[in-house]
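Presented below is the structure to which this report refers.
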Amino acid sequence: MLALLTRDLRLATRAGGGFGLGVAFFLILCTLVPFGVGADTSALRPIAPGILWLGALLACLLSLDRIFALDHEDGSLDLLATAPLPLEGTVAIKALAHWITTGLPLIAAAPLFGLLLHLPAEAMPWLVISLLIGTPALSMLGAFGAAITVGLRRGGLLLSLLVLPLYIPTLIFGTELIRRAVASGDPTTPLVFLAGITAGVVALIPFAAAAALRVNLR
Amino acid sequence: MSLLAVHDLAVSRGGLRAVEGVSFTLNAGEALILRGPNGVGKTTLLRTIAGLQPATAGLIEMAEDAVAYAAHADGLKGALTVAENLRFWAQIFGGEVGAALAAMDLEALADRPAASLSAGQKRRTGLARLLVTGRPLWVLDEPTVSLDAASVARFGAVLRGHLAGGGAALMATHIDLGLEGARELDLTPYRARPGRAEKPAGFNEAFG
Amino acid sequence: MIDLGKYAGTVLAAYGISVLLLVGLVWHSIAANTRARRALEKQEGRKDA
Amino acid sequence: MSIWEYANPVKFMRTSGAILPFAVAGAVVCTVGGVVWGFLTPDDFRQGSTVKIVFLHVPAAMMAINIWVMMLVASLIWLIRRHHVSALAAKAAAPIGAVMTLIALATGAIWGQPMWGTWWEWDPRLTSFLILLLFYLGYIALWASVEDVDSAADLTGVLCLVGSVFALLSRYAVLFWNQGLHQGASLSVQSGERMSAIYRYPLYLSMLGFLLLFVALVLIRTRTEIRRRRLAALQAREMRA
């Protein structure tokens, strides 16, 4: 299991692995937003949490098809399926690797980009906390979408269409957490829901994703 | 004792049975070569025994985690070196890398990234993975594709060593690997007859 | 004709769009079914011949 | 004989062929009757003539949800019992559900324009239906994208399962996100302000009509799918021979 994780991380950081592309995309998005909505603090501040969450979500989406597609092309997926690892475990590890290579850099960069968008200082820790709790669910749901579309030639667009609706609850509770924390100082309810969704997704989605992978392997 | 026993197996592709009623056993030290024209279902049968797709009917008896599967794709990562590629599979399966590198004459290439290898060298790395798995039953689908004569001979020797060490091999190949006493099984007579089956293999049979 | 009052446009638009969508769906269902039946009859006819 | 006999394609074609004329007749009578009757109802003292939109909006919204539930049940039957017709019925139902969702959304938006003063309001119910539409579209797109029908049936089945959970989850998330302007369910018995009979009966008829319309359409579309599968099977056998 650990071997698979280190291999995926190593592949992501080597040439052609696409590590850091997500953060670059995130930066571009945050740069473009003021051009679209105006640079006034009064315009940026209220939408900053939403933009940051959307940016993280889209940056995460960009790299989803890599989770299984490359391994499927070169035959590694067949070999992993015959390995003494349960396929559910393989799915979970690959989603974890995706989160470490995409989600964590985004979380680290988010406060910085928050400054660009005039996110109030008191919202910063909540931004990081909400992303930290919410993004694992994004990676895991993305792995499910990637497992469903792995055999398809033009799977990228379909992957977005399938996965984005699944992101809605996480997005809602993630941004609501920041909003309520700043407005009233009590983000308990969205925090609990966000954590609940992530826990449920991490516990159950590997089974659905592994089932989809088995269908696509045969 | 037998490593693999197949009873009355039917496998299907594209929602239709390809072959049915296939039975054989494979004991330690034995090799079985599948024959038959293109499209008869050799690959499908091998994938089914490797556990990559469900059998449509019949029974496959073997120990858990006994199969090492090698097919057209080698499962190599171009960004990793040959040794790193093999080491990964060694960690997954719990095997040994050094001997495998030596056996397939890959020691000189061990630190080269897999992306820079020729097709034949990639193939050799892919086959070295079989040794790394330490599994007794090798399921091989055209293992000698893109190998030159010397490499074929080398792989033949590796395969004989595997059989002598109590392993077994089930393969589809057109090339003589110099395996003495290897049995052959022609799948042509087992080609599935169209018609209604009790349990349809897929939509094409359910609506045929 | 009944008098729809000041909301005439609203009500007619709602009915218009709904009827359009429903008719489109029904038409598509029937057309696809006819096409499938013809194609199947052609195939089965060829088999018998 | 068990109920599963009807999942056999030949049997399904025979049975559905016998039911179909009645379903079509019932659907036409009840839908046209309900909608026309609804159109002829007197104006509401608050909503004016826009109250007539209810006879389209409510049945469509009801069917939009029920059709997804039917797809979920059909998907479960396929995944558990492997009855091929069940998977095809789920596929056949999806476009009907998408159109019903679209009607509910369109009529809701048109009704909201004079009532709320805006074409679109991010009201929890409207938002939930928009999300439901996304799930329908994803499901339909997946069926259309996967060439191998056996894989497509399994993958869409799994997607329907996961999608159902997330559609429900989204519903509660949206409620949490925005408490809306939308009216409560108009027909609920416990609500004090119950809809008066002149509106209630045409609405019942219209709902029955939409239900029968769905039954008729899903039968037709399932028959279409069966014929397509039959054709593909014959061609596949020809290729193999």
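A, B, C and D label the chains in the order they appear, each numbered from 1.
Keep in mind that, in the parts below, contacts are C-beta pairs under 8 Å (C-beta built on N, C-alpha and C of every residue); 3 or more make two chains touch, one makes a residue touch a chain.
Chains and their UniProt names: A = Heme exporter protein B; B = Heme ABC exporter ATP-binding protein CcmA; C = Heme exporter protein D; D = Heme exporter protein C.
Note that the structure is predicted; figures quoted are calculated from it, not measured.
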Per-chain C-alpha mean nearest global C-alpha mean belongs to chain A
Between A-B and C-D, the pair with more C-beta contacts: C-D
Rounded Å distance between chain B and chain C (Heme exporter protein D), as computed from the means of their C-alpha atoms: 53
Using mean C-alpha positions as chain centres, tell me how far chain A (Heme exporter protein B) is from chain C (Heme exporter protein D) in Å, no decimals. 41
Measuring centre to centre with CA averages, how many angstrom lie between chain C (Heme exporter protein D) and chain D (Heme exporter protein C)? 16
Taking each chain's centre as the mean position of its Cα atoms, how many Å separate chain A (Heme exporter protein B) from chain B? 37
Within chain D (Heme exporter protein C), the set of residues that touch 2 or more other chains is 230, 234
Where does chain C (Heme exporter protein D) touch two or more other chains at once, residue-wise? none
Go ahead and list every pair of chains that touch. A-B, A-D, B-D, C-D
Once bound in the complex, which stretches of chain B touch chain A (Heme exporter protein B)? 47, 50-54, 65, 67-69, 71-80, 84, 88-89, 91-94, 129
Across the complex, what residues on chain D (Heme exporter protein C) touch chain C (Heme exporter protein D)? 31, 35, 39-40, 43, 48-50, 52-53, 56-57, 60, 95-96, 99, 102-103, 106-107, 110-111, 113-114, 213, 217, 220-221, 223-224, 227-228, 230-231, 234-235
Report the residues of chain A (Heme exporter protein B) in contact with chain B in the complex, numbered from low to high. 2-4, 7, 10-11, 14-17, 71, 73-76, 78-85, 217-218
Any idea which chain D (Heme exporter protein C) residues touch chain A (Heme exporter protein B) in the complex? 131, 134-135, 137-138, 141-142, 145-146, 151, 154-155, 158-159, 161-163, 166, 169-170, 172-174, 176-177
Given the complex, residues on chain C (Heme exporter protein D) that touch chain D (Heme exporter protein C) span 2, 4-8, 10-11, 13-15, 17-18, 21-22, 24-26, 28-30, 32-33, 36-37, 39-40, 43-44, 47
